[in-house]
Each structure stands twice: as C-alpha cells, then as structure tokens.
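Take a look at the structures listed below.
Consider the two complexes below, in which chain A is the common component and chain B and chain C are the respective partners.
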Partner chain A sequence: MRDRLEDLSLAGPGILLLALAFILPIVEMLRLSFVGTDGSVTVEHFVRFLSDPYYLGVVWRTIYLSILITAICAAVGFPLAYVMARVSPQLRLWLIVLVILPLMTSVVVRTFGWMVLLGRGGLIPVVLWKLGLAGRNFTLMHTEAAIVIGMVQVLLPFTTLSILGVIMKIDRRLEEAARTMGASFLATMCNVVLPLAMPGILAGSLLAFTLSVSSFITPSLLGGVRLPVVAGSIYESATKTLEWNFAAAQSVILLVGVLIVLMPYIRLSERRHG
Partner chain B sequence: MFAKVSRTTAALALAAIFITPAAAKDKLVINSYGGAYEQIHRKLVIEPFMKKYDVDVQVITAYSADALAQLRAQKAAPQYDVIHFSGGQEVVAAREGLISPIKAEELPNAKDLYPFAVEGLARGEGPVHAVAAIGLLYNKDTAPKKPTRWADLWDPAYKDHVVLTDLSNSYGLLGFLMMNKVKGGDIKNPDPGFNAVKELLGSAVIVSTSPELQQNFAQNDAWIAPYAQDYAYTLRKAGLPIEFVQGAEGTPAVYLTANLVANRPNQDLAKKFIDFSISPEVQEGWARELRYSPTNKAAKLDDALAKEVVYGDKAVAGLMRFDPVEVDAARASLIERWKKLIAR
Partner chain C sequence: MVKGVPEWLKVLSWIFVALTLTFVLGPLVVVAGVSVSESQFIAFPPTGFSLRWFNAIFESNAYVQALLTSLRLAFAVTVTATVIGAGAAIALHRRRLPGTAALAGLFLSPLILPSIIFAIGLLMLWSASVGAVSFPALWIGHTVIAIPYVVRTTLAVLADSDPFLEEAARTMGAGRWQRIIYVVLPQCAPGLAAGAFFAFNISFDEAVIALFLRTPDLVTLPIQIYNQLEFSPDPTVAAVSTLMMGLTVLLIAVIDRLLGIQRFVGN
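Our next item is the complex of A and B:
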C-alpha cells in the first residue's frame, strides 16, 4: 500500500502536467471540432474537410512528403549510424556532437539559413547556374524539394540517434561470424545488421514521420503559401480566418491520422521485441 | 493665433481647476495598435494632448477587431472614451450604438477635412484621421519602366517579377479587390479577379507577410507588387530603391478612424481628443513619421514629403473605399477560394 502511495507521489507531478498541458487541451479541441457555427453539435467541419478535393490534396501532399522525408532520413541515417557505432569511442563522441550540434539552434533560424541558400541568387541556385544546369532565375524556394531538404536536415539527428542506440547493442561477433562464414560485407549488412537494427530504424522513422506530418514552420517558410500542408492549413484557419471549430476538426483529423499510422508500426516493433 | 490658443487653454485649465477642485486630473481611455504605430501615436497625439489640456490619457493596446469585441462586451459599462479602428469596424459599431454620433460643428478641425473623411459623421461614425493608401510598389532601379495603372500588373514587361500578397493579409485583400474591380468584378462577383490572378500565377511569387515582401524585393529580384504606401517607406528606410505609385484606376485604402464611445461621462474631452487627432499638425506628423496620408486639407507638407503620400486634391480624388461590411462578410469565403486557386 505504501509503495503505491510512493509511486503515485513520484508520478503525480508528471501526471498532473500531462493532464493540464496535454489531455485538457485535446479534450477541448475534440469538443470544439463538433461545435457548429450556431453552437449546435455537428460534423459539418469534418464533412467540409473530407469532401473537398482541395483539403484532400493538402492531406495527400503532407503524407507523401512525410513518407519521402522519412525514407531519406532512414536511408541516410542508417549508414551514418553504422559508421558511428563502429568507429573508436573518441571519434564517435565527435560524430555525435556533429549530429546533435544543429539541434542547438532553433528550427526557425536553420530554416532561414536554408532560405538564403535556396533562394534566387543563393549558393545552391548560383552553383547550379554556373554549372550550366539551371537558368539564372532558378530558385529552389517555394518548391517541394525545398521542404524535403529543410525537413531532412531537421529530422536526421532524431533518426540517426535512434538507430545508433540499437546498432551499438548488436554484438560485433555476429558480423565477424557472418564474414568468416563467407558472407560479403553487403550480405552481412543485409542479412545480419539490418534485421537486427530494424527496431531502431522503425523507432527513428516513426519519430521522423510523426514530426514531419505535424511540422508547420519549415514547410510554411520554405514551401510558401502555395504549397499548403495540414499543419499550415490548421494555422491559417485558426489565426487568419478565425474558424476555430474548423481548425479543431482539422487537428482531430491529423491526430487520428497519425494514430492510425502509429498502430501497425507499434505492432511491428512489439513483435520484434517480443 | 498661437497666443490666443494658449490663452484659451489657460482659461480652460483654470476652469477645470475650479470645477473639479483638488480632484485627480481628467482621464481618457483610448486604444492604439501597438508597435511602431503606438510609439508614434504617443509622440504625436497622446503626449502633446496630455500636455495641452493637462489631462491623463490611458492607452490600451487593442487592434481593431479586438477593440470592437471589447466594446461589445462592455456595452453596459464602456471602459474606453475614444476608440480607433482601421478595418472599417466603425460602421458596425455605429450600427450597434456602441459609438456616439459627432456633429461636424463639434470638431473645429472638421471643416478642413476632405469630404471623404467626414462623410461617416452622418452615419454616426468618427472622422478619418489618417489613410494608408494601397497602390503599386516598384523597384525604380531594376523595373524596365514605371507602372502607372493596376492593369500594368499583367504587362508582359514585368513577367516573372510580380509579387502578390496572400488574402489573409488585409493589404493583400484590398489589393485583390482592386484587381478584381479593374477586371470588371465587384465584391459579390470576384470571378474576374480570380481569373486574372490565375493568369499571373505561373510567373508571380505569392507572399503572405510584409517581411517576405521585403525579402523578395531585396533578394528575389521583384519589380512590382501591389501593397501599402507606408510599407514602401519602410522598404526605403531599409535601403531598397522602392517607389509607390497610385494606380490610375483608383487607390483603395485603409481608413483609420477615431470614434467617440457612447455612454461615457467625459465625451467633451473625448471630442477634443478626436479633434486634436485631425489637426493639421498631427496629420503632418503621421505623414512625416510613417507616410500615412493626411485627411486634413490644411496639413502642410514639404514637397519631398508630399510626393510620398496621397496629397492634394487630385491625388485624394483617386481614393476609394470598399464597403467594410461587405468586405468583412466576404472575407472568409474569398480567402478559401484564393487558397484553392493558388495551391499547386
């Protein structure tokens, strides 16, 4: 009995904070999303969103950009994490510092950096122009490519570090055994390291995907008003046209969408752990 | 003249002392819009007014929509004496009886105002004390020629260098309504405007905030953009070669009004404040500090300054106004249609 009391008192502040800062706002958001313009209970906001090709297009853009971003993060993050796990501890420390360093700066500041690099007359368009690959007026700003580049840079540390944690735990002797049994480096990677690292890759991808479907600053700054994503659309409805109920409905849809994606992922990683 | 004014002031001050012996100074409560605007508002209007009439003025920062919401909530016991609006809310406030009508005779400076600035008085609204004109901003160094008409936005000479502003921005909304009008539409029929914008979409950049507009002029080689005259001045101060022209078809504008709140005890002093706001000296100050156009004919601007605001009978004749109530009613649907149009 006393144990439970102690547990409760230890968890209390955390639970209280969660209730106040997370559950309460979500309940309020759920309530708002079902309130019509005249105060009655209605699903009109959901119907409006889900029956309009424009909003479905916004959802589709958000999903395929997020999948692309997640895939790139995993594809770049896995080899990077593998190398980090296999070098000397000292070098690993430096690599971790390098990966974490960008997180020390605000996302907004980093995004502004990309705006300078990708905009007309910025470093990347100018290099492409000098190489004869693009016109002088070429710009990467306000393109989906810009969103992907910016988001990958923001999310890569999360993916890399989650994969690193798992690869570190893989017994090196398994790889050595595979090699002595005649497997090539590539075969070792595919048949030994990759399957064993899968929980880390799944966890990292999950993190990257959920963060990127709900991200708002980077897509709105790099993509501009002509490439709306769901989070940006919620922001517009809440602050520009002041349609709070519609904004709440969009948030509920986003939340449910993320949960639906999370389910199979969680199942999959549970099975791997079990 | 000056001596006479100060003698009257002295007499008034003296009278005030006798009427309210040992009481605290009279106090007015007003709203302002915060930021640089409020700083200049204090410097040009509020502080000189406090000194001149020896009264206190309490400033509460509240944008127009907020201010209207507060007035509604306080209808039984209003807390403001003078309320400033920039989005046409005075039309609604007057209709709902939240603000009191003012007679032109009650404002000594009203006789010098342009007719457009006092026409609201008949509807129970306050006078217009400043105007932010919407027209064409262009880069005088890089643009191939100086634009003269709104229709020039579709001139192939500016192709790939046009910047349009999102309708969620109120200047962007007014600019769009003007483009719509130029193409033959009106608020109830925005099809011509949307079709015309569609033609531009392939070659124009669309921004949603003022800093983005600045960035496009500074880095993205923008030549022409419909926007506000005061912001052209902000860009010039930032070192950009940006000039403002009034489109020949007309100049829509944001009209800043000062209104008398109903059911407040000290309406006489509030009227003095409103009158002070429309005095030539104050209006010259707004033009000098922020490039808002004066509504008082007697405001004397030097030549350089006069060129950078809407000044003189001919320029003022070009000013026009979209019905604020209609704009407000159409806003959400216009924004949604615009979003759908511009989304790639």
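Our next item is the complex of A and C:
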C-alpha cells in the first residue's frame, strides 16, 4: 500500500498535468464544437462543414495528397531501411544520424529550404528550364507537387526508422535459407523480407498518414491560399475569421478521422509489445 | 555460402541511398548556403561569402526578442518536462500502480495526437478559464508534448538497469526517498539527460502550438521565421535558420553520446 502511495506521488504531477492540460483541452474542444452561435446545443457546424462543396473539396485534397505522400514514403522508406539494416553498424549510425537530422530540424526551416529550391528562379525550376522542360518563369511554388515534395521530406524519416526497427529483427538466416534453396535476390526480397517487414511498413505508413492529414505549416507555405488542406482550414477559422465553434467542429472531424486510421496502428504496436 | 547481392544491384542501391539523402538533406544545405551569401536577395547557389546576415540578426530587435523568448521557454520546458517525466517513468517502470498499461498510454499519447488538435483545444480552454494567452500557456503546452520523450528515454535506460540495486539499498536500511535520490535517479541519469535535450529541442523548434498561442508579445523564433516566410523572406531568415540547425546538430551529438541514437529506431 505504501509502495503504491510512493509511486502515485511520483507519477501524480504528470497525471494531474495531463488531465488538466491535455485531456481537458480536448474535452473543451468537443464541447465547443456542439455549441451554436446563440449558445444552444447544435450540430450546425458539422452540417455546415460536411454539406459545403468547398470544404468537401478541402477534405478530398487532404486525403488524396496524404495517400500519395504516404505511398511515396513507404516505397522509398522500405529499400532505404533495408540498405541501412544491412550495412556495418558504424555506417548505419551515420545513416541514422543523417536521416534524423531533418526530423529534428524545425518545420519552418525545412519548408524555407523548399521555398528557395522550388520558387521562381530557384534551383529546380531553373534546371527544368535549362533542360527545356519548363518555361522561363516556371515555378513549383503553390502547386500540389510542392506540398507532396515538402511533406515527403518531413515524413520519410518516420517511415524509414519504423521499417528499420522491424527489419533489424528479421533473422538473416531466413534470407540465406531462401538463397540456398535457389531463390534470386529479388525473389527473396519479395517473398521473405517484404512480408516479414510488413508490420513495420504498415505502422510507419499509418503514422505518416495521420501526421500528413493533420499538418498545415508545410502545406500552407508551399501550397499557398489557393490549395487549402483541412488543418489549414482549421487555422483560418480559429485565427483569421475567429469562428471558434466552427474550428472546433473541424478539429473533431479531423480527430475522428485520425483515430479511425490509428486504431490498427495501436493494435499493431500492442501486438508487438505484448 | 550463397553469393550475396549481385554487383549491379549494390551499385544501384548506393545511388538510391545517395539520391534519397540528397533529397532529405538538400533543403537544409540550401538554407545554410543562402545564409552565407553576399547577395541582398535569397539566392542559391550563393554568390560570394559573407557573415553579414548573421550580424543583421543580432541588430534586429524582433529576432533578438524572439530568440530570448524561445530560450527562456525551452529552458523552462526542459526543467518541468524532465522533473515530471522522471517521476512518471520511475512509477511506470515499477509497474506497481493499478492500470500501469493505461497510464503508460496516457503519458505517451501526446506523441500521436496531432498537435494542431491539442493546440486549438489548449487555446480554447485557456481563453475560457484563464483569460488571454501568455507565457505560462505556452510553457504548459510544450511541457505536455515534451513529457513523452523524457518518459521514453528514461524507461529505456531503466529497462537495462539492475533491479537488485534498489533491493540492496532497502536491505541496508535506506528510506524510500533515499533510495530514489541515491539509487534510482543515478540509474536514470543518462536517460533523463537525453530526454532533457529532446525536450529542449522540441520546445525550441515547435511551431504549431506556438502559432496558435502567439500574441504580439509572445513570438518564438520559429514563429518569427514563419511570419517572415509568409510575407517577405530575406537572407536573415536563412541565417536564423542556420543557427537553429547548428543547435540541432549539437543536441543530436550530445544525445548520441549519452544514450546512443540507435536506441530510438523502430519506436
């Protein structure tokens, strides 16, 4: 009993802080999303969002861009993680550091780098122009391509590290056995490594997807006002037009969407730990 | 032994890794390049070499104020997140509290909840119950999102620690708090230190919560950069960004020394 009391006093400040400053804000957001302009209980904000073609377009753009971003991250992250798992520990450490570096850099800094590279007169449009693939004043800024490029850079480290964790645990003798039995390298990859790495690929992809649908600094700076995503729309409503209840309702919709996607992720990680 | 990977595939995979790393690190190199350019305008590749934009930061009142705000905030967050996270991690590691699994989930949940949802909830709750947002609101918000990192690094270190040390201290007559201060905390030290550096990095770089909770008097460095990017970026943005990246590199090196960066793979 006294042991429990001791542990409770150790964890107590944290539990109290998270209850008051983490759970309660979410509850408050839920409550406000059901409060109408006249103070009554209503679902008008949800109806407004879900029945307006403009907002449905925003939702659709958010979803298909996120699917595209996630797919690219998984397709690039898997081979990258495989190579990282099979090099010497010394080299692996360096590769991990290089992959983590952008992950720990502020999102505004990374996005600024892309603004320089993709904007008018930036390196990429100029190279495309010199190659005869684009016009002189070509810019990639304020395009969906810019959003995808910027977001893949942000999320690739997440997917790669989560796949790497799983590949590192694969017994290498399984690969050797497949090769001794006559399977080619590519056949071994497809029939042995890929299926065994699937939990990591799935977990990494789900994480990337939820981070992608809820991010707005990179999409709003690279995509501009003409290509709003859901999180950007929440920011607009909360800080520019000051419709807090409407912003809360949009956040609830985003939260529900994220939770639906996260369920399998939580299941997956529970199975891995349990 | 079968012949390993075909030679052409090895070459191909190294080209692939090089291209991917270029893609991931390219924007950071570009920012650093712009910061040392002599040109008045943002230009890459840079023309000439000059450190005048770094000088310009320290002559700009807005940047200096933002830098001071960010440093003050990051130090405050580091202290609170480390103290609160340490207690939580020790209690979670002992598994004596009922519902330890659920508690662990609670302490790690700020990691998976999108920060925009947390930020807007905190803004609404603070405005409704406290009033205008101020430094403490941002301090609390960043502490909440930094705690999971401290909990995680400390739990990782505790998992490898010797459970009999505390038992030995108990048989030798050490009291509860003596055991925590002289036995458990020293065992946690590398994890706590790594967690503290993570907390500092998160608070110093975080932009979403800081954007929602900003006031004219409460602008952190990332938000100052964001404001510049929305309107008129000039090479001083690159110089500030380069300083921030330098700090990140330093923190990664320290965390690796303390704990080994490989530990964080796959989490």
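Definition applied: the second predicted complex is superposed on the first by the 247 of 274 C-alpha atoms of A that agree within 3 Å, B and C clash if a C-alpha of one lies under 4 Å from a C-alpha of the other, contacts with A are read in each partner's own complex, and residues count from 1 in each chain.
Here is the rule we go by: a residue touches a chain if its C-beta (ideal position, glycine included) is under 8 Å from a C-beta of that chain, and two chains touch if they have at least 3 such contacts.
Model, not experiment: these values are computed from the prediction.
S.K.: Once chain A of both complexes is superposed, is A:110 in touch with chain B (first), chain C (second), both, or neither?
M.R.: Only chain C is touched by A:110; chain B is not.
S.K.: Report the partner of chain A that touches more of its residues: chain B or chain C.
M.R.: It is C that touches the greater number of chain A residues.
S.K.: Touching A:147 in the superposition: chain B (first), chain C (second), both, neither?
M.R.: neither
S.K.: By the touch definition at the top of the document, which applies to A:155: first (chain B), second (chain C), both, or neither?
M.R.: So A:155 meets neither chain B nor chain C here.
S.K.: Looking at A:238, would you say it contacts chain B, chain C, both, or neither? Reply first, second, both or neither.
M.R.: second
S.K.: Contacts for A:72 in the overlay, against chain B (first) and chain C (second): which applies, first, second, both or neither?
M.R.: Neither partner.
S.K.: Please work out whether A:192 is in contact with chain B alone, chain C alone, both, or neither, and reply first, second, both or neither.
M.R.: neither
S.K.: Examine A:58 and indicate which partner it touches, taking first as chain B and second as chain C; both and neither are also allowed.
M.R.: After superposing on A, A:58 lies in contact with chain B but is clear of chain C.
S.K.: On chain A, which stretch or stretches are contacted by chain B in one complex as well as by chain C in the other?
M.R.: The overlap between the chain B and chain C interfaces on chain A comprises residues 115, 121-122.
S.K.: In the complex, go through chain A and note every residue touching chain B.
M.R.: Touch residues, chain A against chain B: 54, 57-58, 115, 119-122, 137, 139, 141-142, 224-228, 236, 240-241, 243.
S.K.: Could you please specify the touching residues of chain C with respect to chain A in the complex?
M.R.: 1-2, 5-6, 9, 13, 16-17, 20-21, 23-31, 34, 42-45, 83-85, 87-88, 90-92, 94, 96-98, 103, 106-107, 109-110, 112-118, 120-125, 128, 140-141, 143-144, 147, 176, 180, 201, 204-208, 211-212, 222, 225-226, 229-230, 233, 237-238, 241, 244-245, 248-249, 251-252, 256, 261-262, 264-267
S.K.: Which residues, counting only chain B, touch chain A once they are in their complex?
M.R.: Per the touch definition, chain B meets chain A at residues 160, 166, 168, 205-208, 215, 219-221, 331-332, 335-336, 339-340, 342-344.
S.K.: So in the complex, which bits of chain A are touching chain C?
M.R.: Going through chain A, the ones touching chain C are 2-4, 6-15, 17-18, 21-22, 24-29, 32, 76, 79-80, 83, 92-93, 95-102, 104-117, 121-123, 152-153, 156-157, 161-162, 164-166, 168, 176, 179-180, 185, 200, 207, 210-211, 213-217, 221, 231, 234-235, 238-239, 244, 247-248, 251, 254-255, 258, 262, 265.
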